[in-house]
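Sending over a structure as structure tokens; questions will come in a sec.
We just call them A, B, C and D in the order they show up, numbering each chain from 1.
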Amino acid sequence: MPPWPSASGASRVASVAVLGAAGYAGAVAAALLHRHPELELRHVTARSDAGTRLDEIHPRTRVPLVLEEPATDLDVDAAVVAYPHGAAAPVVRELLERGIRVVDLSADFRLRSPEDYAEWYGEHGAPDLVGSAVYGLPELHREAIRGARLVANPGCYPTAAILALAPLAREGLLGDVVIDAKSGVSGAGREPSHGKHFVTVDETVTPYKVGGHRHTPEIEQELGGALRVTFTPHLVPLSYGELVSCYVSPRGEADFAGVMRDAYGAERWVEVVEGPPGMHEVRETNFCRISAHEDPRTGRMIVFATIDNLYKGTSSQAVQNLNLMFGLDESLGVPA
Amino acid sequence: MPPWPSASGASRVASVAVLGAAGYAGAVAAALLHRHPELELRHVTARSDAGTRLDEIHPRTRVPLVLEEPATDLDVDAAVVAYPHGAAAPVVRELLERGIRVVDLSADFRLRSPEDYAEWYGEHGAPDLVGSAVYGLPELHREAIRGARLVANPGCYPTAAILALAPLAREGLLGDVVIDAKSGVSGAGREPSHGKHFVTVDETVTPYKVGGHRHTPEIEQELGGALRVTFTPHLVPLSYGELVSCYVSPRGEADFAGVMRDAYGAERWVEVVEGPPGMHEVRETNFCRISAHEDPRTGRMIVFATIDNLYKGTSSQAVQNLNLMFGLDESLGVPA
Amino acid sequence: MPPWPSASGASRVASVAVLGAAGYAGAVAAALLHRHPELELRHVTARSDAGTRLDEIHPRTRVPLVLEEPATDLDVDAAVVAYPHGAAAPVVRELLERGIRVVDLSADFRLRSPEDYAEWYGEHGAPDLVGSAVYGLPELHREAIRGARLVANPGCYPTAAILALAPLAREGLLGDVVIDAKSGVSGAGREPSHGKHFVTVDETVTPYKVGGHRHTPEIEQELGGALRVTFTPHLVPLSYGELVSCYVSPRGEADFAGVMRDAYGAERWVEVVEGPPGMHEVRETNFCRISAHEDPRTGRMIVFATIDNLYKGTSSQAVQNLNLMFGLDESLGVPA
Amino acid sequence: MPPWPSASGASRVASVAVLGAAGYAGAVAAALLHRHPELELRHVTARSDAGTRLDEIHPRTRVPLVLEEPATDLDVDAAVVAYPHGAAAPVVRELLERGIRVVDLSADFRLRSPEDYAEWYGEHGAPDLVGSAVYGLPELHREAIRGARLVANPGCYPTAAILALAPLAREGLLGDVVIDAKSGVSGAGREPSHGKHFVTVDETVTPYKVGGHRHTPEIEQELGGALRVTFTPHLVPLSYGELVSCYVSPRGEADFAGVMRDAYGAERWVEVVEGPPGMHEVRETNFCRISAHEDPRTGRMIVFATIDNLYKGTSSQAVQNLNLMFGLDESLGVPA
């Protein structure tokens, strides 16, 4: 028996809702939770598509639930909030006040420093809650996540970049860091725009937010806070997947590959491999694949990490976090 | 009247051959030369496809010439040699001995240091000729190309990377340099392989030759020779085009964008633009598009350069070099 | 000397404007006309992007003209109108009333039957002009185009389908006809939508407007009018290019391949080839490539035709038409 | 307890091997069987890659088994044979003689008529076994599959085409039939070739085997045998997925959509939908999605069917067949 009362009264451990389920991240979260053996997906909501069945908008999910109007007075134990930053904070507050645990996919509770949030995103909608949020990267914060009522699910780029670099940061090995990231188009969301038009993206690679992407402070925070990194994302012509190529001037000498292997030897969802990893290998899974290399001419370290931006980069990681929050096996319902 | 006797006797300035015209680079060179107003394409050769019309193998070229068996006793003023490295050197020697000027697309005459060649490629087939070759990047070596009998056409990655960084190198502004490059699949050549199979390339990004790509010494040579750079190419799912993302820790302060604009203000084929450049903008042209940015958090410079790997990156640059070698307007027959 | 007064007074034969130049078709038309040796591109207009240079929106055009507010009192001899159907008709009327010749890229003047127009598009904005319009497929209506003041430029699918089937129609060989068409995404226009989002299009093929695409009556009209065809377009994950696969139950026997060769032997822009043609072979050119095959099991004819939907399918065909209208060599400024 | 002795002695119902597991189809079969709750994957073999772990060649499978040299004296209850046609027949014979049940992915046992096999494939290697093979399309031949020792797994195109048309054939509604098929590149296999090179496939659509694809007789056989269809496959630039667009001149009137719904109402893996189905909706699943439409102008029926060519089109269908052969729930280990 779970150590908390289940709103569902059903035989499952807990009931959940996905708010904002018409976007890519919300839809994947709903699809995973709909098939979860111990969590019951009870509600899916969407502002503009309310009244439509989720599997009509996203047939691949095969979730036959009807999208409801957004609401927070829901009879569930937990909610995944898939709202844009800024819009999430007030909704998260209402959910928490009703005793509903939250995994927030937005950036609203990822940065511990209110000044950083103000600089990158503007005024915060619920600054008093920031302190109680846990950064939801299980490989770094597993214990804190277990007890959390509010988990700030990491951004997709930070998930890959932090997993690639945290072991080196922990050992004090990180000098200068350049992160050149490549992402598929689903990372930019479902809303149509010129930048996501097939003809715009096809047959080219597009750097964007050069010198100013909002995932930068999140990466820096989790690598210790003091470091300043150059982070440059590029849009590439593919739908799902993300690769970060990290260039590190190491402080001191070490068996870098050994450091990586040691860090993740016990982690199911992080695979340290020899050759550069490929997006195919992690597609639609919760895996992050990492390889570490030395550039013999410059002594620089090169660390690659790849994830599926909608799975380990967002929604399967959210399920991983829910599992931890409800005392379940961390891998239940998480796709391998 | 041209200052040299034309082998053709025709009204055109000079006659040319393309050796190895069945590959991508050779085919594009042939297509451009076939339409050149002052150069007459007289022969195309190919080992395994001899006897076939070029436009049967590469219909888009619309070059109706029949591929001939490889030969060097050709009645032409100049030849473009599109052979693999190692195979090119002896052929180049024979051509030069017959008085035929050469633009060599291989790496055989790009490196001025025999030690570097030996380290990266193995034994050289014509070491005595290395000293007389000119590195065929017109924006850097225009005057030397004009008088050259042997031009070593730059590699595709080096063309983009050197154009991006040479102005900073000249001003002594280059500190640490990381070059993260993205290339379409045509850059890997026409020979079928698992790595170029559609299913392998589609929907992923693949780093390769990490810490050891042969274009590295070529880039370093043209940036002054002393600098050591980290150069990491990535294969991306598109056919034509290349983007280099260069990360530079600058030595000293400067108006970097101004340095770039000054360097290329008079160059027709290098466009310095504000936003990050895109491959579409240079596709099937001889243009290189460059933008320079500062990362405000780290002070690092980020310079992007994009080219079509088969045009400015190889074959239209070869035509640009031929124009210079024969005293023609540099842009004749070069696609804009 | 041309047989009409040039509005430009310049040495070129005529001056032109492109109305609606911010879309894909208008931009390509502008790019071609900007480089045309005898036509002077004097104005480009666009409603929502007025004030911006065309090469900022479409860098590849390299047309430095500033987009102007839409207008019809233009000092030009001719205009290419790249407006949506319905919106074009009133503008075309105004242009003609000012003595400006028009190539209209919309569907407004393609259908000679007002009833057909009403059925497929709704009420016509200038029904009195329909009779004076010439269907701008030069291979079928060259002489009429020469004298026309209003040319209705064909749709992209009809261009390919009619070129594939007209020779058989002319010989009375067409029985049942099924046209299965595949188009790149640029054919759907530049306006962002869910249907053109990269993630929607990538890695799938999407039939659309099944049994009811508006290009159907246009095809039927040009094949004689009495025939009813099944026409099914499919969106495929690529940017530019179109292939129609036409299945014909022939009436009677004939040397079908011979019929095709005879029909197009003298046509520069239609290439009859043996094997199935590919989009690469016509990309960014005015060519249509056609092959005819017999299915030995059923006796059915299979005719393939491929074009670049923005070139022969729209804008280079518009230039071909302008050349005819102004007594110029049909291929001037038309890309091969 | 299963009604047959298990070679494994383990608690699972049966043990299996995949012969030819280094190709795409074999690898997917191995991946599915490795995770099957009641079938134990005990051996994987591959001629040229023997000695390598399967997950090194196909990391996504995450099957850590080492590829063995091809053999037939295997301690298993069943084998999936993923060999080219011609090569499969003798191996299948040996397996059957050792009492090992077989699902053969090749074409060797699909055609019941030896004359048809001879015409399309050449001499048969085991003609005496043809009569005992069952065509492995469960929706048509479920009962026969249950008792079979040799199941001929259908080709990918036939799977989609037959599922689309069999209900109409059964009702005697099929008149003339044209099948225009579109397939991703994995359908052409893993062996590198010019035709599968990324640059060849990208940004084009390629009809192939026009009027003569070997899947034609297989489709005709399962639609009754007397009908002759025109079947034209096209290669499209995507990796996984297949769409058949079937054009039918119906014999007589009927509620076609109703016929389809009735035919598949009880079938878990065939989904009859309203709009044209998309490949995304079936990717990496055993689903076939079908829609039926009427062309109001011609009275023709248009039926679309889409599958993942490596799943319902090959390997998950093979697992579905194995389930039936071993008395298991048909959907065990089959991906939804």
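Methods note: a contact is a pair of C-beta atoms (placed from the backbone, for glycine too) under 8 Å apart; a residue touches a chain by one contact, two chains touch by 3 or more.
Since the structure is predicted, the reported quantities are computational estimates derived from the model, not experimental observations.
Novice: Counting C-beta pairs in contact, which comes out ahead: C-D or B-C?
Specialist: C-D
Novice: By mean C-alpha position, what chain is farthest away from chain A?
Specialist: Measuring from the centre of chain A, the most distant chain centre belongs to C.
Novice: List the centre-to-centre spacing of chain C and chain D in whole Å, with centres computed as mean CA coordinates.
Specialist: Between these chains, centre-to-centre, one finds 41 Å.
Novice: Chain B to chain D: how many Å between their CA centres?
Specialist: 47
Novice: Between chain B and chain C, what's the gap in Å when you average each chain's C-alpha atoms?
Specialist: From the centre of chain B to the centre of chain C is 37 Å.
Novice: Would you mind listing the residues of chain A that make contact with two or more other chains?
Specialist: 184, 202-203, 237-239, 278, 280, 283
Novice: Any idea which chain C residues touch chain A in the complex?
Specialist: Listed in rising order, the residues of chain C that touch chain A are 24, 184-186, 190, 192-194, 196-203, 237-239.
Novice: Flag every residue of chain A that touches chain D in the complex, lowest number first.
Specialist: 59-60, 62, 202-203, 278, 280-281, 283-284, 336
Novice: Once bound in the complex, which stretches of chain A touch chain B?
Specialist: Per the stated touch rule, the residues are 176, 178, 180, 182, 184, 202-208, 210-212, 216, 228-230, 232, 234, 236-241, 243, 245, 247, 249, 276, 278-280, 283, 293-298, 300, 302, 304.
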